[in-house]
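Next up, some structures in C-alpha cells.
The same subunit A turns up in both complexes below, where it pairs with subunit B and then with subunit C.
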Partner chain A sequence: MEFEISNLKKHFGGIQALNGVSLSFSGHQIIGLIGPNGSGKSTLVNTIGGIHEPDSGTITFNGKRIDHLKPNQVMQHGVGRTFQVTRAFRRMTVMENLLVPALALYPEKGRKTWEARGREVLDFLTMDHLRDDYARSLSGGQQKLLELGQLMMTDTQLLLLDEPFAGVHPKLMESIFEYIKVLYGQGKAFLIISHDMNSIFTLSHRLVVLNYGDIIADGDPQVVKYDEKVIQAYLGEEVEDA
Partner chain B sequence: MQYFLSLCATGLVMGVIYALMALGLTLIFSILKVVNFAHGEFYMLGGYASYFLLSTFTGLHPLLAVFISGLIVGAIGLVFELIFLRPIHKGQIERPSEYAVLVTVGLSLFLMNLSLAIAGPIPRRPASFLAGTVQLGTVNISAERLIAGVCSLILLGLLLLIINKTWIGKALRAVSQDKDAASIVGINPLAINTIAFAVGAGLAAIAGALLAPIFSVTPDIGATPSIRSYIIIVLGGMGSIPGSILGAILIGLVESLGTGYFPDPTRALNYKMVYGLVIFAIVLLFRPRGLFGRKET
Partner chain C sequence: MTPTFARAPRVRIEWLVISITLVVAIAIPFYLEKVSLYWLHVLIIAYFYAILASSWSLLAGVAGQFSFGHMAFMAIGGYTSGLLGKYFGLPPLLGIPAGTLVAGLTGLAIGVLCLRFKASYLALFTIAFSEILRILIRGEYGITRGDQGLHLEMLFGATTSKLPYYFTMLALLVFSLLFMYWLVNSRVGLFLRAIREDEEAASARGVDVVRYKLMAFVITSMIAGLAGGFFAHYIGILTPNTFVLPQMGLVIAMAIIGGVESLVAAAIGGIIIQVSLEVLRDFDAWRLVIFGALLVITLRFARNGLIAPLLERLFGLGPRAEKRKKESDSHGV
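Coming up: the complex of A and B.
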C-alpha cells in the first residue's frame, strides 16, 4: 500500500485550512492525526475522502491520483471514511446499512452473499442481535461501530476515522480500540483523528500534528508527545521559528 | 348504502391513481430536494403520448400505449435532469433553490405551449381500455376507472417492492436520507438523482395516460392534478412514501364523497378540490408536518 499527499492546499474564504500539507506512508500503519480545534484535521480527511476539492497539491493512493475524485470514486479506490458525527442511515436497519456500500460497489455478488458477509461483520462487532433494528435506535457508540462495519463490508484498504472514540461509552471505546487493532492485523491502514490522547498515543504507530493547516510534528508518538511545538500549540502560545 | 359504497369504490380507485402521480413528485422531492413545478405537464404529456401512439399505431393495445408513454416521458425527464438539474448538484449554481423553481416553471410553460402548438386546444381522448361498467358485489364502477386503478395498484406495489427490496431502492433511500453519507459508501448521488427524476416523470405520465380516456387531454390539463399532488405530498408528510399513498387515497375518497353528497348536484363538481383542501387544512392544524412527516434530525 502506497499513500502520498503532496503540498496539499485548501482555503475557505480568507482562511487557509491546509497550507501545503505533505504526508506519505508505505505498507499498513495506524497513523494518528491530532491538533487543536480548527487546525485542519477534518479538512484534511474531507479532502482525502473527496468531500472537499483541494486548491492545489496531489493525493495518490497505490500510484493513482485520487484528488479531484468524488467521494464514491475515492471509495472505489479503496479509501473509506467515517464521520465525527455518525452518518448511518437512520431509517434503515443495521443489516441494510451494511448492504448499501457492499451492493453499491459490488452488485454482481448478489444480496445473499452480502447478507452472509453482513452476518460475519455483525458477529465480529458483537452486534448480530441488532441486525433488524433501525440505526436510529442505536447508541452513538453503536452507530460508530456500524460505520466501521460498513467499511468492513467493502475492500477498503485505508480507513479514515474521524473521532471514533468521541462520545462513546468506555466499554464500547475499548471494543473499537480492539477492532482497529484486529483490522490492522488483517492488513488495513488507518488515519485516525482523535482528541482522546490516551487512545491515540497508545494505538498509533506514527503521530502527525497539525496546527493552522501546517504539519508541526510527525513521528513516533512518544517523541511527538514531548515536542515543544506540539505542547505550545495545545497551550495556545505562538510558535516562534527557530 | 349502495350509493355510499359506490362513491367509496370510485374514491379508492381515483386515490390509487393520484398516489401514482404523488409518488413521482415525492420521489423527486425526497432525492433531489427540488419541487418539480412541471409535474402536471409530465402528466399531460403522458396523455398526449398515449393519444398519438394509439392514433399512429392503430393495432396497439391501449394499456401498452400507457406504459410506452411512461417510458417516453421518463426519457424526457432524464434528459431534462441531466441538462438543467445536474448543475445544481454539482455545485455549479449560485442560488440553487431559486434556479430549481425557475427551470421547472420554465419547463412547465414550455411544455404547455409546445403541446398547444402541436395538438391545439381541442380535447383529445385516446381509445378506451374497456367500455361500460363492472359489477363488484353491489357496487357498479366504470370499467375504465377500475382498469386504471388496478394498473396503478400493480405499479405502486412494484415500486414499493423495488424501493424496499432491491439495491437501487436502497440507494434511493440512502441518498434521500443523507447524500454525503451515501456518496461516502460508494453510491453515485448524481446517477440516483437522474434515475429518480426520470422515474418520477414516468409515473406522472402513466397516471396521465391512464386517466386520458376518462377526462381527455388538453395542454392545460396538468394544472389540477399537479396542485392535487402538492396537496397530497404535504398532507402525507414531505418526502414520505407511505404518507403520499395514504394522503392520495384520503383525497380520492374525500373528493368522491364530497361530490356525491354535496346538496346541489349541479354544482358539486365545481367544489371537487375544496373537499380535499378542507381535510388538508384540518390535518395540518393538528399535524403540521403531515400524516407521516418527520422532524429532521
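Coming up: the complex of A and C.
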C-alpha cells in the first residue's frame, strides 16, 4: 500500500485551511492526526475523501491520483472514511446501512451474498441483534461502529476515521480501540483524527500534528509528545497530561 | 401459541385486502356506468392523480428530491402527443410513447443542469420551468391554441363508453405502482433512500449520487408524461391551466396526506382527495380551506401521512414489523 500527499493546499475565503501539506507512507500503519481546533484536520480528511477539491497539490493511492475525484470514486479506489458527527442513514435499518456501500461498489455479487457478509460484520461488531433496527435508534457509539462496519463491508484499504472516540461510552470506546487493532492486523491502514490523547498516543505508530494548515511535527508519538512546537500549539496542557 | 399461527392471519389479511380492492376496482365501473357516468369520470381522474402523486412520492419521499415540475412533465406528455397528432397525423398510440420520451428527455436536461446542486435548486428551477412552459404554451397560440385549448383525438375513437378509459387508467396505475415498487425494493431504491438521508454520506459510501438522482428524476418525469398522454387523449382538450402551480400543489398535498414515503399510500391519498373534492363540491372554495388545514395538520402531526401508518399496521410493514417477523422465525417456525 502506497499513499502520498504532496504539497496539498486548500483555502476557504480568506482562510488557508491547508498550507502545502505533504505526507506519505507505505505498508499498513496507524497514523494519528492531531492538532488544535481549526488546525485543518477535518479539511485534510475531507480533501482526501473527495468532499473538498484541493486548490493545488496531489494525492496518490497505490500509484493512482485520487485528488479531484468524487467521494464515491475515492471509495472505489479503496479509501473510505467516517465522519466526525456520525452520518449513518438514520431512517434505514442497520443491515440496509451496511448494504449501501457493498451494493454500490460490488453490485454483481447480489444482495443475499452481501446480507450474509453483513451478518458477519455485525457479529464481529457484536451488533447482530440490532440489524433490523433503524440507525436513528442506535446510540452515538453504536452509530460510530456502524460507520466502521460500512467500511468493513468493502475492500477499503485505507480508513480515515474522524474522531472515532468522541462522545462514545468508555466501554464502546474500548471496543472501537480493539476493532481498529484487529483490522490493522488484517492489513488495513488508518489515518485517525482524535482529540482523545490517551487513545491516539497508545494506538498510533506515527503521529502527525497540524496547526494552522501546516504539519508542525511528524514521527514517533513518544517523540512528538515532547516536541516544543506541539506543546506550544496545545498551550502545554493536553499533551503533558497525556 | 406458536408464531406460525400468530403470523398467518396477517398474510391472509394482506391478500384479502388486495383481492377485495381489485374486485371492487374491476366491478365498480360496470355499476357506475349504469347509475352515474359523472362518478365514473371522477374515478378515472382520481386514478390519474394517483399516478402523479405516487410518482412524485418516489421522487420526493424516496429520493428526497423536491420538484415542482411534475405537472409540467405531465403536460409535456400530453402536448407532445397532441401536437404530433395535429401536425403529423400521429395516432395516440404512437403519440403517447413519444410524449413519454420527450418528458423523459426534458427531465434529463433539467436533471443534468440542477441535480449536481442542493435540493433547493431543483425546487426553484422546476417552479421557474413550469411557469415558463405554461407561458410559452399560452403565448404560442398559433401552434398550441393557447387558452383556447389544443383538441386531441380520443384514445378510443368515437366510442362513448368510459369503460375502456377507466380500465386503461387503472392498468396504468397498477403497472406504474408495480414498477415503482420493484424499483424501490431494488438496490436503486436502497441508494435513493440513502441519498434522501444524506447525499454526501451516500457519496462517501460509494453511491454515484448524481447518476441515481438523475435516474429517479427521468423515470418519474416519464411516468408523469405517460399519465399526461393518456389523460389528454381521454379529456380531448389541453389548456395551460391544466398545469398551473396550484395543480402541482394539489398533487403534493395528495402525496403528503397519503404518506409521501409510501407509493401506495400516496396513490390512495390521490384517489381519496380527488373523490373528496368532488363530494365536497357544494362547499365551493371552503373545500380547499378544509384540505389546506388537513395538509397543515398532517405535516405537523403525521409526517408520514395519514394512510401510510394504516397500511404499515395492516400489512405489518416497516423495520419493526420485519424484526418481529424475524424474531418469530428464530423461535423455531
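Here is the rule we go by: the second predicted complex is superposed on the first by the 235 of 242 C-alpha atoms of A that agree within 3 Å, B and C clash if a C-alpha of one lies under 4 Å from a C-alpha of the other, contacts with A are read in each partner's own complex, and residues count from 1 in each chain.
One rule holds in what follows: a contact is a pair of C-beta atoms (placed from the backbone, for glycine too) under 8 Å apart; a residue touches a chain by one contact, two chains touch by 3 or more.
Everything numeric in this text was worked out from a predicted model, so none of it was measured.
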Specify the outcome, clash or fit, for subunit B and subunit C once both structures are aligned onto subunit A. clash
With both complexes superposed on chain A, which partner does A:Phe83 reach: first (subunit B), second (subunit C), both or neither? both
Quick check on the superposed pair: does A:Thr93 touch subunit B, subunit C, both, or neither? Answer first, second, both or neither. second
Given the touch rule stated above, what does A:His28 touch, subunit B (first), subunit C (second), both, or neither? neither
Per the contact definition in the header, classify A:Lys144: touching subunit B only (first), subunit C only (second), both, or neither. neither
Using the superposition on chain A described above, determine whether A:Met75 touches subunit B (first), subunit C (second), both, or neither. both
In the superposed arrangement, which partner chain does A:Lys10 touch: subunit B (first), subunit C (second), both, or neither? neither
Intersection of subunit A residues contacting subunit B with those contacting subunit C? 49-51, 70-72, 75-76, 80-81, 83, 87-92, 96, 99-101, 103-105, 107, 111, 150, 154
Given the complex, residues on subunit A that touch subunit C span 49-51, 70-72, 75-76, 80-81, 83, 87-93, 96, 99-101, 103-105, 107, 111, 132-134, 150, 154
Residue ranges of subunit C in contact with subunit A within the complex: 187, 190-191, 193-194, 197-198, 200-209, 319-320, 322-323, 326
Parts of subunit A lying in touch with subunit B, wherever the complex brings them together: 49-51, 70-72, 75-76, 80-81, 83, 87-92, 96, 99-101, 103-105, 107, 111, 136, 150, 154
Under the touch definition given earlier, write down the residues of subunit B that touch subunit A in their complex. 167, 170-171, 173-174, 177-178, 180-189, 297
